[in-house]
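You will see two complexes here that share chain A, one where it goes with chain B and one where it goes with chain C.
Then we have the complex of A and B:
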């Protein structure tokens, strides 16, 4: 109980630190939310009117006062209202996170569908063709950016063949091309990772011992070797999830898939401070939860990691 | 752990989804339905806040007055007529028999409430409308402005002043406007699904439904049109224009109210000299910029306003002098290939920014041309031009782009750019003669007289070369003109989905 309280306290302190540093950094960046709000490049505004709007929004107050006011907004659970749309920040973020989650899930499914058979297959076999295929897919996935894959896929499946939608978010069909564009580069990371860790695990003395005891190769692979090789892959998986939680801006724009990445780019361009702060808070929370989840899963799979006795 | 069975299951699910996708794409396109792809996305349909103006552009909301695209004058819309009553007061007579999408009648009280909401929600609108009081007078509205404000009526063209039923809930997702289309579904950042409003006060829309789709990637918009998944796309990829035309699609280029200009810092440094400003202006090869930077999709600019505006002046014939001659007149001489005065070479700092991708290219062309006559230009990339130029004086010239008469009146641009209190007066122009001319314009209500004064000011600004105007970029719109009828790209870019737009199969 004591350790849970201690952990929660340290997480809260960490979140506070992150949000405060981002709050300060944002205000040091060039750009003025008041000018954007007044639509200064289309509507007349005298310097006096600009200052009046700044006062009304409270942006003339010291930074610490502004930060405390934002902290108060957290307790309303709305995280304030967006400067641009006037909508509650929490509502906009949850909508976008849902879309990002959909895209991330699609991309990760594709990545695993490519990486698992190729990674495991190339670790188990001595056939050079399989190893070469795994290497080729991995290299090309790493070398070609997702948006370029997206453009090629759109040209083939949407423009030439007319099978899939070019853009939009209309059910599962519109997820296919963005998921493929996201999943292919992701798979390139996991193929060598799975292969190397599995091969290393298969060379462990306890695997030799299992073979000597007559345990079938299938059981050795699925029950022992894979279990042992998963934790390092899971750690990288945690990092991938963390980066996906931040959004995939280029693909979101290309496929008009309105995730949190695109929402943030717009918010930063328009200096929509409440929306940016809300994003930082929520994303920090999501990443912390993900890390904790991955850590617990690794400990469950490799209890020696928790004790720090692994070599 | 994954087993072969699990892996195969996931594989089958994905394959199924792909096949489902293929099957779904075979669904026949709804008749009398149009898909329009726009180049900005919005997260809210609140017409008083949305800076993409989607509710107005999608035909959901309407304003009291609108811009006529041919004459570029302010015309009645929800307001039938208006008159100036004196004492800063305007009488607005509303159209009769107009209903909101929820069936509620449009009356003076509803318009008052809507205008008050736009002022409360949008500080930019509050400044632009400059309203002291709004009163209802029977079926009419009486609006008193804080100061004498002749451009008040033209400011009502602003899409953020659109009239909605403020009593209706859900304004961010389903605003109750008076336009020919009403919102059926809004997916923030993705699209608005529209259906025909059957009780529209003018002729009912010819289309049954419209998908107003957002996509900020030009190649994706172009692909949507090529794939037959869109009927009209706004701003397709310039590089794809030839291909689109070869595939039988139509690409329209229309001049806009935007001008790309070279803003001069006349507060300090070499640009204080009129001759140096004349030299910079003479240096610019506008045709080259139009042909090579904008690939022909622009028209050279002589002044800030498009020549079709009633207040765009006929400029006098320019004195044909080369940049070198102007610099010589300013006291510069060429030594060792460099223009110098009192032993100091002419070095200029040119600001540019990436938000408009053609501006950095224009800056490079100017830098290159200046080098040929011995003027060294250092290009400085900035993030937010309005903020930088307003608070720094370490620059001499800047590429800048703005809308000069977005609501059909010259007052906004002339005040913002050349009045000492103007929000866009980055040049720091403080010319008493010019200020007096602008203030006279601000007191003049009569439209013809305003046009005459605006022309006079534009000519004076040209004479003094406070800014150098480069070009008016065009807006490109591509459509399948065999299917789409009645599309017209408006110069104002305000009115897109209209009751006259239709499709034929």
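Then we have the complex of A and C:
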């Protein structure tokens, strides 16, 4: 219990550090949100107008005052208002996190559907064709950009055949194409990973011992070998989840899917500072928590890892 | 082998001269979406620019960007890794903390954040990639340095009175460089993919410079009328990445790596003959 509290404390300190450095960086760098907001260049807006907008948004205060004000916003769980839409940042972010979560779930499902059979199958079999197939799928998944697959799929199934919607988010059918183009590159990471770890686990002496004791092959595979090969795969899975939590940027833009990635790309192009700050804060928090969660899960599965430096 | 290189250089020269003659930036609205012809080898794009010339220039940009980024990353990562491996103590601790702090951040998230903090440009992409990728180089070289430090010839060199920097340069770096180069060649393809994805959404290479991902975005409205505008840049990306993969494989074989798994870098021990 004590260690959990300590961890949480250090996590929140780390997050605070990140927020402060991001805040300072954002303010020091060029690009004026007020000018972008007024959407006019310096020539056409009168200095009084700019000054008024600046005062209204609180950008005329000293930096430390602005930071403290933002911290207040964090603790009231509102994170301020977006400069472009005027809505609370937290509301916009949560909305788009849900959309991204939906997309990530679809992509992960596809990835698992491809990677589990191919990875496990190619680890167990000695048949060359299966190993070749697994290798081919993982190679092509690593080499083909996901958004290109998406474009080609859209052209085939949405434009030419008209089976599925081209873009946007209406119902389950609009999820199919993005999930496919997300799942295929994801699967390419997991096929060799599952195969390698399962093979390594199957070569361990304890598996041989189990065989000698007459435990059936099925039990050995499901109860022993697969369980042992989970932690390394889970570590990578944590990284995948983290990167999905940040938004499936390119695919969201391609399919006009209103997720976090798309929200951020728009925010960056419009210099919407409160939104960018909120994103950095929330995503960092989510990633840290995910990372810690995966680590604890691995400790539960493999207590011997706790002593080592594995993460 | 010689003949193959000759053909390669010949093709390169041909494309360079073609690109020079057909300016890839010249727009000609009267000649929009021209089909493939002798004058325009791969036709023209939506603004009447020569597509073949743009495709070639985009390739040069992608490769140049990728090589530069990977080289920079490898230099920084290897230096820090060597330092951490060579000098035990506070510096090592600091470098480890830095690695642990950064490694959990996914590259796309970091690239987005940095594009948000700085600017949507290739420079911020380089910075983001640098921030993420140096870790793998640092970890690799640190492991190798710690391993090499235990070799008797290092103690021998120390007994003979060589300075730290000389030991590092003469005895420790050379075996590391070979392994780092293999890792680099794998990363070149990855960085090209990354750049094309970010250029596609407009946060990478900016117009009017061509880039394969950006070209995919430009060609999207004309998908049904001129599918080559979408097919060729994508195919170029895939071919380049596959080429870097093949190159990595070849180097692993040459450099004493044993291709144990499909993707893991496993170093061959002294007892095992290199494949």
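List of remarks:
Note that the second predicted complex is superposed on the first by the 296 of 311 C-alpha atoms of A that agree within 3 Å, B and C clash if a C-alpha of one lies under 4 Å from a C-alpha of the other, contacts with A are read in each partner's own complex, and residues count from 1 in each chain.
Basically, a contact is a pair of C-beta atoms (placed from the backbone, for glycine too) under 8 Å apart; a residue touches a chain by one contact, two chains touch by 3 or more.
Values in this document were obtained by computation on a predicted structure and should not be read as measured data.
Superposition of the two structures on chain A shows chain C clashing with chain B. By the touch criterion defined above, A:53 lies against chain B but remains apart from chain C after alignment on the C-alpha atoms of chain A.
Once the two complexes are laid over each other on the shared chain, residue contacts for A:234 go to neither chain B nor chain C. Once the two complexes are overlaid on the shared chain, A:195 sits against chain C while remaining clear of chain B.
Of the two partner chains placed by the overlay, only chain B lies in contact with A:82; chain C stays clear of it.
In the superposition on chain A, A:25 contacts chain C only, with no contact to chain B.
When chain A is checked against chain B and against chain C, the one touching more of its residues turns out to be B. In the superposition on chain A, A:155 makes contact with both chain B and chain C. In the superposition on chain A, contact of A:297 is made with neither chain B nor chain C. In the superposed model, A:253 lies in contact with both chain B and chain C. Within the superposed arrangement, the part of chain C that overlaps chain B, taken from 21-29, 129-137, 237-245 or 255-263, is 21-29. In the superposition on chain A, the residues of chain A contacted by chain B and by chain C overlap at 30-31, 151, 155, 159, 253-254. On the chain B side of its complex with chain A, the touching residues are 1-3, 7, 10-11, 14, 17-18, 20-22, 24-25, 41-44, 46, 49-51, 121, 123-125, 127-128, 158, 172, 187-191, 213-217, 219-220, 223-224, 226-230, 382-384, 386-388, 402-403, 406, 412, 415-416, 421-424. The touching residues of chain A, when paired with chain C in their complex, are 14, 22, 25-26, 29-31, 135, 138-139, 142-148, 151-152, 155, 159, 191-192, 195-196, 239, 242-243, 245-247, 249-250, 253-254, 261, 264-265, 267-269, 276, 279-280, 283-284, 287-288, 291, 311.
The touching residues of chain A, when paired with chain B in their complex, are 30-32, 35, 37-50, 53, 56, 82, 84-87, 92, 95-96, 99, 109-110, 112-113, 116-117, 151, 154-155, 158-159, 162-169, 171-176, 222-223, 226-227, 230, 253-258, 262-263, 266. Contacts from chain C toward chain A in the complex involve residues 100-101, 103-109, 112-113, 115-120, 189, 193, 196-198, 200-203, 213, 216, 220, 223-224, 227, 230, 234, 237-238, 241-242, 245, 261-264.
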